[in-house]
Amino acid sequence: DMLDDIISSGTLRCAITLDFPPMGMRDENNEPAGFDVDYCNDLADALGVTAEIVDTPFPERIPALMSGRVDVGVASTSDTLERAKTVGMSIPYYAFENAVVGNEDAAMESWEDMKGKTIGATAGTYEAIWIEGQIEEWGEGELRPYQTQADVFLALSQGQIDATVSTVEVAEANVNSGNFPGLVIVDKAPMVPDYVALFTMRQEYGLLNYLDLFVNQQVRTGRYAELYAKWIGEGEPADLTIQNVYR
Amino acid sequence: MFSYTFQWNQALARLPQMLEGALVTMQVAIMSMVLGILIAIILTGFRLSGNKFLNAVAVTWIEIARNTPALFQIYMAHFGVASFGIHFSPFMSLLIGITFNNAGYLSENFRGALKAIPETQTRSARSLGMPPIMAFRTVVLPQMLRISFLPMTNQMVWAVLMTSLGVTVSMNADLYGVTQDLNALTFRTFELFAIAGVIFYIIVKVINLGARLIAARLFRY
Amino acid sequence: MIEIKDVHKSFATLEVLKGINLTVEKGEVLSVIGGSGSGKSTLLTCINGLEPINSGAILVDGTEVHAKSTDLNKLRRKIGIVFQQFNAFPHLTVLDNVTLAPRKVLGMGKKQAEEIAVQQLENVGLGDKINVYPGRLSGGQQQRMAIARALAMSPEYMLFDEVTSALDPQLVGEVLDTLKMLADDGMTMICVTHEMAFARDVSDRVAFFHQGVMAEIAPSDEFFRAPKHPETQKFLSNIRE
Amino acid sequence: MFDTSISVNDLLFLAQGAWITILVTAISVFLGTLLGIFFGVLRYQVGPWWAAPITFVLDIFRSIPLLIQLVLVNAFVGIVLRLQISGFTVACGVLTFYTAAYCAEIVRGGIEAVPATTRRAARSLGLNWFQDMRYIVAPLATRVALPSWIGLALGVMKDSALVYVVQVTELLKSTQILITRLQEPLLLLTIGGLFYFVISFPIARLGGYLEKRWSND
Amino acid sequence: MIEIKDVHKSFATLEVLKGINLTVEKGEVLSVIGGSGSGKSTLLTCINGLEPINSGAILVDGTEVHAKSTDLNKLRRKIGIVFQQFNAFPHLTVLDNVTLAPRKVLGMGKKQAEEIAVQQLENVGLGDKINVYPGRLSGGQQQRMAIARALAMSPEYMLFDEVTSALDPQLVGEVLDTLKMLADDGMTMICVTHEMAFARDVSDRVAFFHQGVMAEIAPSDEFFRAPKHPETQKFLSNIRE
């Protein structure tokens, strides 16, 4: 099966989205870096193989796996039931809170001010799907699905869109980077926390089992907290344990 | 033979949405052609004007249009010019990008077509007492459009194909954009894009056929 | 009357006309012969103002062609010209070719223009080709159409620039016959030609051009019987009749 | 002059993207041209009827957006056939047929532009079909076809910007990656565009020059 | 000897040759004249097998041209042919034009082929044009080069298809002189031509084609003195000499 294939081939190919700081990004040498990159490297170490990072835009993550281009997705992928029809999801390895980020000029107070505004998001993401639903509910406004997270923030800072919804981590990283003048975090988005999972072919139970255990080990050993501190910084990582059962 | 199960029904259920997208695609392509032809004629005029500045404007436009990817031009129309505080909607960005590309290529075609018209044609017209503009409009222009007709048809086809690049500027109303959105929802990548491909193919064939009919009507010589 | 007075004309550094003096009277038929590049075509295009000249003057009925004040478009209405080839406007039917200028330039009504056009086309023997496109005509028919087109503007002068030299030998005759008919009708004509028989039989005078100079001009029978200039003699002897 | 954080490293990164662009283009244009010549000669030789199936297949490559071709082929070999083929290979494969489709037309046009009388003269001298093709048709058709072929090669280079969808990091994708990190879109896009221009423009000029030169003799 | 026996030939529904019978002896010079479209060119291209025929037979030295078993490429070596236009291979120098077939078809060495080529080119008066490209030659020179090229294969028969009709009048003479020289050397020739003087003076016999039929054939003086067929008479009287 795939688990054996990976071990015997000696490489683990991870789909990672590298325009999603701090989870996936490039350092000043344009080398992959970030939480997901380290996570993939840890997984490869555990398997005793070397990791190969395949830069995969959000809309391409699942096609990339389906077409055999990668073995595992470590790409902050929300574990929606719709997706689970196509790919197999591990237990969550991270959880995001989402925030509404706006352009100063749009003068927004709360997330509900997004009503009627032009809102950007990365095509095919959890947030994009949520926004689309909201817009439908409000009956006004416009969604602009860009191909990359970077394009969304670029458009936001240029004022082409009024707001976006993104994970708190990404929002903070981008706002604090100073690259985008005029951005403000407006509010938390009232969404169910966005649990993200590793994914692979849905019939590869062996590998899926392994992934579940690996995620749990990361939490147990404190590596999870360590990576959180390294890439996200202060604060508490979301609790991924089940009280009295699973640490 | 395949372990993969095709689910055509699920994809075909989305056909109405995709056809709506095809309409938008056609709309963008047609508008970009009309504008492109007008601008191309002006650019050709600039090139033949003998005015250094106008010529430089035309040459710059044409060379950039012909020597950089269309994707780049469309991206530039959205994110590039926004650096100057000019914002275009996705639709407009796509339209502007394709129009820019069309105008560059068509202008070069028009110039070639003009070269192919013997100078005696203008001379004959002028000798009959026609002022320059009248000679151009009644004698040269119709012949130029005829010689350029096939290249214009090809450009129209390219304009249709180029609309697929609109996704980079968050255009999601055209055929490709709609297909990609549906793909994000259902992940029936192969089925959805195969259907989109068929629709594009039909559009292109219809354009070619239409062009042939128009040519038969317009150019009876 | 066309008066050409000491006309000099250069293209860049190449002097093509080196002081031409020539007067063509009303009703006269003048043939111009000469080697390739001797400036014959250039002279014709100077006469109707398509080409500027460097010095000298060309007067048509007393109007100086190259004067700033001259309305060239108006002047050209009275000077018809037919070139060696590509005369026909391929995108217009024969009838539209002929009516175009009367309608657009003279502002004539459609009906009147068509009457005149049909008349002229019948004169040149194209009465049955009125609604075809020039592409379907033989070269000779195209040239005759071009003549009819020029005549539809009721010009007082006609200039012909080797109108038969791009034609197959079989087709030359029909065009020359048309020219002859015109000459018999009393049209003032300047014909650049390679057809010696035509020059001899139809024209009143023949001029020989050599390297931008009009080397010789004489009444046509005298010209062919006793050419004076050595270059004329050489030219004539080279052409096997 | 500019206040920029673009480093030499970043320029090298762009150059690497440009190299991928050139590589993909070179491979596709080379293989595509060979295929195109084969199909073009075949089409000319067997006549439009017998060539109809080939014409139809090649026509598809010219009638649907390259983006869709890439996504479809990628999905087909990966999802349906489950073959482990790299994105680079898929990109080259699709672009090869894409090139071949246009090249076949150019080749056919080139052959048709050789006057029948010239070929008759060759055959009359006793040259056989192959010799006629090799010594007369090929050189003459090349002159006619080369300008369009250069246009095609440049077109393929520009269109190769789309192979990002199969995870190949070529020039335009590299530019976008840098934009993500540095947020200087206008400057970076200009530099990226310049890279394209620098590759494309001299070749385009060469084409124009050859066209002029050959139309003279 | 070329024997043409009841040859029929159609293009689609158009019958172009309607039963031609003709024998050309070794050493004979035959001129073929006739109106446009009468099938003259078609006959020539049938003789060297460039065009298939529908029925009848053509025998060259007893070999049936259109038999399946005939090696056409071999047969063509002994039949030289020169066409009306576009004979030159524009991408090769004059010398390469002439040496191409001897080298590639006969497998001759470069040196030997060039010797022969230079010889032939000198014969036709192009000894000084050896290294230029055909584009720099006049039409007449191109046609002479084509003749030299055919002769370099040492053919036993030469077919000429209106080799002068695309030329300017000044250039016709030089090509006809070359043909005359060949005829004087005893070459067997079939010349399709519009040049009546040449047909009369140089050829042994003259054939007149009319609408796919060989209407008349006769020794040349007889042919011009007393043409029998009414179409021949009409044709001859239409040509102004």
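For reference, chains read A, B, C, D and E in written order, and residue numbers begin at 1 within each chain.
Please note the rule applied: contacts are C-beta pairs under 8 Å (C-beta built on N, C-alpha and C of every residue); 3 or more make two chains touch, one makes a residue touch a chain.
Listed by chain with UniProt protein names: B = ABC transporter permease; C, E = Glutamine ABC transporter ATP-binding protein; D = Amino acid ABC transporter.
Remember, it's a predicted structure, so these values are computed and weren't measured experimentally.
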How many steps does it take, at the fewest, to get from chain B to chain D if each step moves to a chain that touches the one before? 1
Would you mind checking which pair of chains has the most C-beta pairs in contact? B-D
Please work out the Cα centroid separation of chain C and chain D, and write it as a whole number of Å. 52
What is the distance in Å between the mean C-alpha positions of chain A and chain B? 37
Cα centre of chain D to Cα centre of chain E, whole Å, reads 45
Return the residues of chain D touching two or more other chains; collapse runs of consecutive numbers into ranges. 71, 75, 79, 82, 185
Interface hub residues of chain B, defined as touching at least two other chains: 79, 82-83, 189
Can you list every touching chain pair? A-B, A-D, B-C, B-D, C-E, D-E
Per the contact definition, I'd like the list of chain C residues that touch chain B in the complex. 45, 48, 50, 73-74, 76-77, 79-81, 83-87, 89-92, 100-101, 104-105, 133-135, 146, 149-150, 153
Taking the touch rule as given, give the residues of chain E at its contact with chain C in the complex, in rising order. 36, 165, 169-170, 173, 194, 240
Within the complex, which stretch of chain D touches chain E? 115, 117-118, 120-128, 131, 135-136, 139-140, 143, 216-217
Would you pull the chain A residues touching chain D in the complex into a rising list? 18-19, 25-26, 28-30, 54-57, 60, 63-64, 66-69, 148-151, 154, 157, 177, 179-180
Which chain B residues qualify as touching chain C in the complex? 118, 120-121, 123-131, 134, 138-139, 142-143, 146, 219-221
